[in-house]
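Down below are the structures I want you to see.
One chain, chain A, links the two complexes that follow: it is found with chain B in the first and with chain C in the second.
So, the complex of A and B:
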């Protein structure tokens, strides 16, 4: 009897101890993931600084109605969602690009050259978007390098307005993103490639495998798990494709295609004197879409793998 | 040797103590937080102006700038109950700060401030409107003038068509009947001036989008300002006609449409810089300075070109009359401009006294000379009769080093780096300097005017051609000027709903106006304009328009009263 009681005591103490192990992480999650949800109350109030929110400012779902009740505004939000999905989708579709880049980089035999390529492609990752835009302006404006060269060659008579053009905005934004990120994203894959067992590759060489065959049969299959982890992470941040890039590149001519959800929220919150309730309401909408996406991905996972991840 | 060293050390110590006590004499060092909606600088006031304030008041100005730190800082600091010690905000925000108790009453100390109380009439006018009571003070208006609500002191109005004189002369000084005539002339000018001297392409127009929707404007700033050429003044989503009635800004008989169309025709003729829609303000300025533009429309733009070598060469910009135009201009800002000074509610006791003392100095002849003119020996010299003569026009532009006595502890030497970062004044530059009887702005000094006629070739020839002393004189002679009186009106802050409507409508207005300006043909222009109207109406333009008309009708009534109509 006593023995059993002692065992229960021991068990309880152990569970408390184990709980204490994870407590810091629970606190962190509560602090940084759940506590900010408190900010959602601004979407249900008519909040106007410097006046604090109170029971008098409560307006219920007014701001949600404001969005939904007007067809033009709904269309506007659908347009923004379309852009967000398109640009995230393109990134997702091309997420194999850094992997292939890393594989090819790894195949370069001349070491100094390889180091040079890797450094040159990684550096843009550390340049802010504002600077990227000033580079873009100097290269692509009407008096920029590209137009000057094309005009000197006699290929065009009038400068081409690259930055003003609304054609292929999504693809061009992906190109800038890739220019900035590819080298950095390749680092993970390079690490994964370094982890491949040398013996396997040597054995393949002995068996007479060509370089392409080694890449195709050994390198890529070995780094596929890394690839899938990264794709999963990308899906998780599908709606968070950031706004800095689009903010610096946006203008009246490409706005139709460049405005993503984050940028839209920013534009509404800060244009003029700022409207906090409406932009909070729209960002709640973003969470709703995220949950829908998650449920969708989970459903697909259930269908394919037989189990979901929630 | 040792004894010598110890004597030296003792001496050094003593000297150190003396110099420390000289700074701290009387008053403890004090850091004053300035919440400053006008500042483009965030942090401790550096350089020469910092030293001037430190030497006189032992005050260090710590500037909090929402324009740098982000507008959110307003909400968070207000939530905290402390915006700053000195508060400079938009006029429309000020009543809310009084209601929430973030700004303190200054009735007890303000009447003792002699320099500020030179503007008693204006200060009473504002505070009575705020509280409904006489003699109760909270706010001090900014950039007030000592003239009258209906005077127009300036000799150039804020926006008018200005051409480069030597080029206009070179194409034969043709008489211009209307906007199409203006484009004809600009086309001729573009032909003889396709690049500047350095060989960079020059275009008559180089626009920039950075300022769109700022300062209570709806639409691209470059379009909005130009409507005043036809006497119409946009009041946000509405446009005020010369007869005091309002129309929708997008109406096809409004000046807004007329100007958009004008810029579009300019573009169709190849007269608009193709980078206009994408370049930023800095880039646009560098083009103005490098003489890569042939037309200007803001009076201050000439500051980039009408200087130095350009003056005797006549490469300067000046107003050229266009036959069918008659202009809208704001009279002197007698009752102040769009912002308001106040003192934070947490300021008490000695700190309060010292802040009021500082503010009074800020409006004193000495303070205003520092703000509007600069440093004696660098920016001006004193003549025998006390008036000033301008020196180093380029002190600001080239960030010239200040005299040694003006270098503070932070070691900042550049004039521009150490310039007054509060960036807003209590009294405007057209006020009279009580110390010498001339206005603070150097363009009104007798010494400047004398020199100007010697060096400014364009001005001399312009005067002969148009038989007037300056543009305003010409406009007055030909009865082309409608100077709208100063009434100190500030629209109340928008409700959140109006804000939401405005945010989207302004964005749409800008987007489509820019696209229309760059349309290839008239048909495309009209199609875009139709699409714009459809979008605007979809975003409930009607509601916004009604709101704005109701708000600005009050202002129109006040203006009518001021004119005694």
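So, the complex of A and C:
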């Protein structure tokens, strides 16, 4: 009897002790992931950085109304939304590219060559956006490789200012994104392709299927579920372009087209007088829409595939 | 026409289209590889070529008049060695802590005996899906004393739910009998972790370490938001300044070269271009050097992004 009691006691003590082991880390999570949410109250105050907020600075939904009532602000927001939708839209529209990239890469029979291509195209994924920008700056500057070669070939008479222009900003940003990510994104598809049953392909070959037929009828249908998940994840993060890429590439010439929501939220807080409450209000709205998109995409996934991705 | 002849004809036709696809894929992928590699090659050959030639964009295919002055000069640029030290320091400290925390929490979340295990696991995992926004985050970090403080690079980054989930999944695949045996022999929770689990889950820790290290090395935004003190700038941030603020480079160049315009001097004198290119190469090189080693972790690594919470 006593023995059993002691064992229960021991178990309880151990379970509490184990909790104490992880407690410091839980506190870190609370401080660094949950505590920033408390900052959302700044969206409801007239907050000017050195002065603390109080009941007197409380303004309710003033800043939320400001977004839709101030004409210049409305214009700004619409412009930023247009950019966000354009950049995310282009990415979504071309989300098949890594899949096709993987499919045809897999068709290369010479293994060393395939490995080489894979290595080369994955490398850009591991450098930062600052480095991507530095590369862009050096290769596309007026004395960079691209302009020099184009001039030597006589295709252009004077250097093109690639980075200091507002032409095709959305598409060029997509190109940089693809340059950086496509090889990496293809790896997931390559893994999926590796999982296809060899016998199915052999059987198709015996029946006289051409390579294109095998690709269309076997390879691509087999990896469509992976593609579907990627598309759903893209939809879920439609508003979250991140700011780093656009921050490093932005300048006075392309600002009109490059400012996406994430960058805008940063810019209005840091430029000029610095509007913290407005920036926070937009962050909140963005979060709400993002959560809805995530839930929606997950719901669609559940409906079609029978399981979600959260 | 016999059946055989028909079959042969079809076979020839098929192999012709197959051959065409073959040739096309080889060419197209060669182009892809070139586009991805050439920029790196371009920067490297330019950083070791005569500076007056690279300034005019004359170095395209191979290095010309090779010299390494650019690299020697870097050590003398004010702030640059400090930034390098800062980058290395945050990478080493940040990676070590990220990995050990992911391993420990991943393991602890598999312990059935842990009080309210599921609740705490969700408490950590759900943080993947929300984000307060730049400004609320910044204000919180300021309150916590993370601005202008080296730990601002570390504390906000070391608890990564993705990695913890990955470790948890890996720990779950380790036979329970292994832990039970150790516990019967009198090992406590921590002892089991350090002596039994840690060695067993090494493969997944290697994957996490590499991805955490690359992330730390590449981090830029936290410097931008949190750090005003120049001593805390990282290489990424300094490089960004060199590109975007021409004035920061001019000061360095004018202080270095008050000499005559002799050709030999021109070839090695620092220019804005030479400094930018050389620094870029220096920041890229560590990633390129460890790159071959972590290629085999790729498939595992991409699963980090695809794992189910």
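Simple rule for what comes next: the second predicted complex is superposed on the first by the 240 of 310 C-alpha atoms of A that agree within 3 Å, B and C clash if a C-alpha of one lies under 4 Å from a C-alpha of the other, contacts with A are read in each partner's own complex, and residues count from 1 in each chain.
The definition used in the following text is that a residue touches a chain if its C-beta (ideal position, glycine included) is under 8 Å from a C-beta of that chain, and two chains touch if they have at least 3 such contacts.
If you're wondering where the values come from, they're calculated on a predicted model, not measured in any experiment.
Once the two structures are superposed, chain B and chain C can be ranked by residues of chain A touched, with C on top.
Judged by the touch definition given at the top, the superposed model places A:234 against neither chain B nor chain C.
In the superposition on chain A, no contact is made by A:181 with either chain B or chain C. Touch criterion not met for A:222: it reaches neither chain B nor chain C.
By the document's definition of touching, of the two partners only chain C reaches A:31; chain B does not.
Contact with neither chain B nor chain C is seen for A:301 once the two complexes are overlaid on the shared chain.
Contacts of A:95 after superposition on the shared chain: neither chain B nor chain C is touched. Of the two partner chains, chain C is the only one touched by A:107; chain B is not.
Residue contacts after overlaying the shared chain place A:276 against chain B and chain C alike. In the superposition on chain A, chain A positions 137, 143, 276 are in contact with chain B in one complex as well as with chain C in the other. Contacts from chain A toward chain B in the complex involve residues 46-52, 66, 70-73, 75-76, 137, 141-143, 159, 161, 163-164, 251-253, 255-256, 267-268, 270-278. For chain B in complex with chain A, the touching residues are 71-72, 74-75, 78-79, 83, 93, 96-97, 99-100, 102, 200-201, 209, 213, 273-275, 277-279, 283, 493-497, 499-500, 502-504, 506-507, 510-515, 518, 535, 538-540. In the complex of the two chains, the chain C residues touching chain A come out as 10, 14, 17-18, 21-22, 25-26, 28-30, 32-33, 35-40, 42-43, 46, 55-58, 60, 101, 104-105, 108, 111, 113-116, 120, 123-124, 127, 129-137, 139-141, 143-144, 155-156, 158-159, 189-190, 214, 217-221, 224, 236-237, 239-240, 243, 273, 276-277, 280, 283-284, 287-288, 291-292, 295, 298-299, 302, 306, 308-309. For chain A in complex with chain C, the residues that touch the partner chain are 11, 14-19, 21-22, 25-26, 28-29, 31-40, 42, 101, 104-105, 107-109, 113, 116-117, 119-124, 126-131, 133-135, 137-139, 143-145, 147-149, 179, 183-184, 187-188, 191, 208, 210-212, 229, 243-244, 247-248, 262, 265-266, 269, 276, 279-280, 283-284, 286-287, 291, 294, 309-310.
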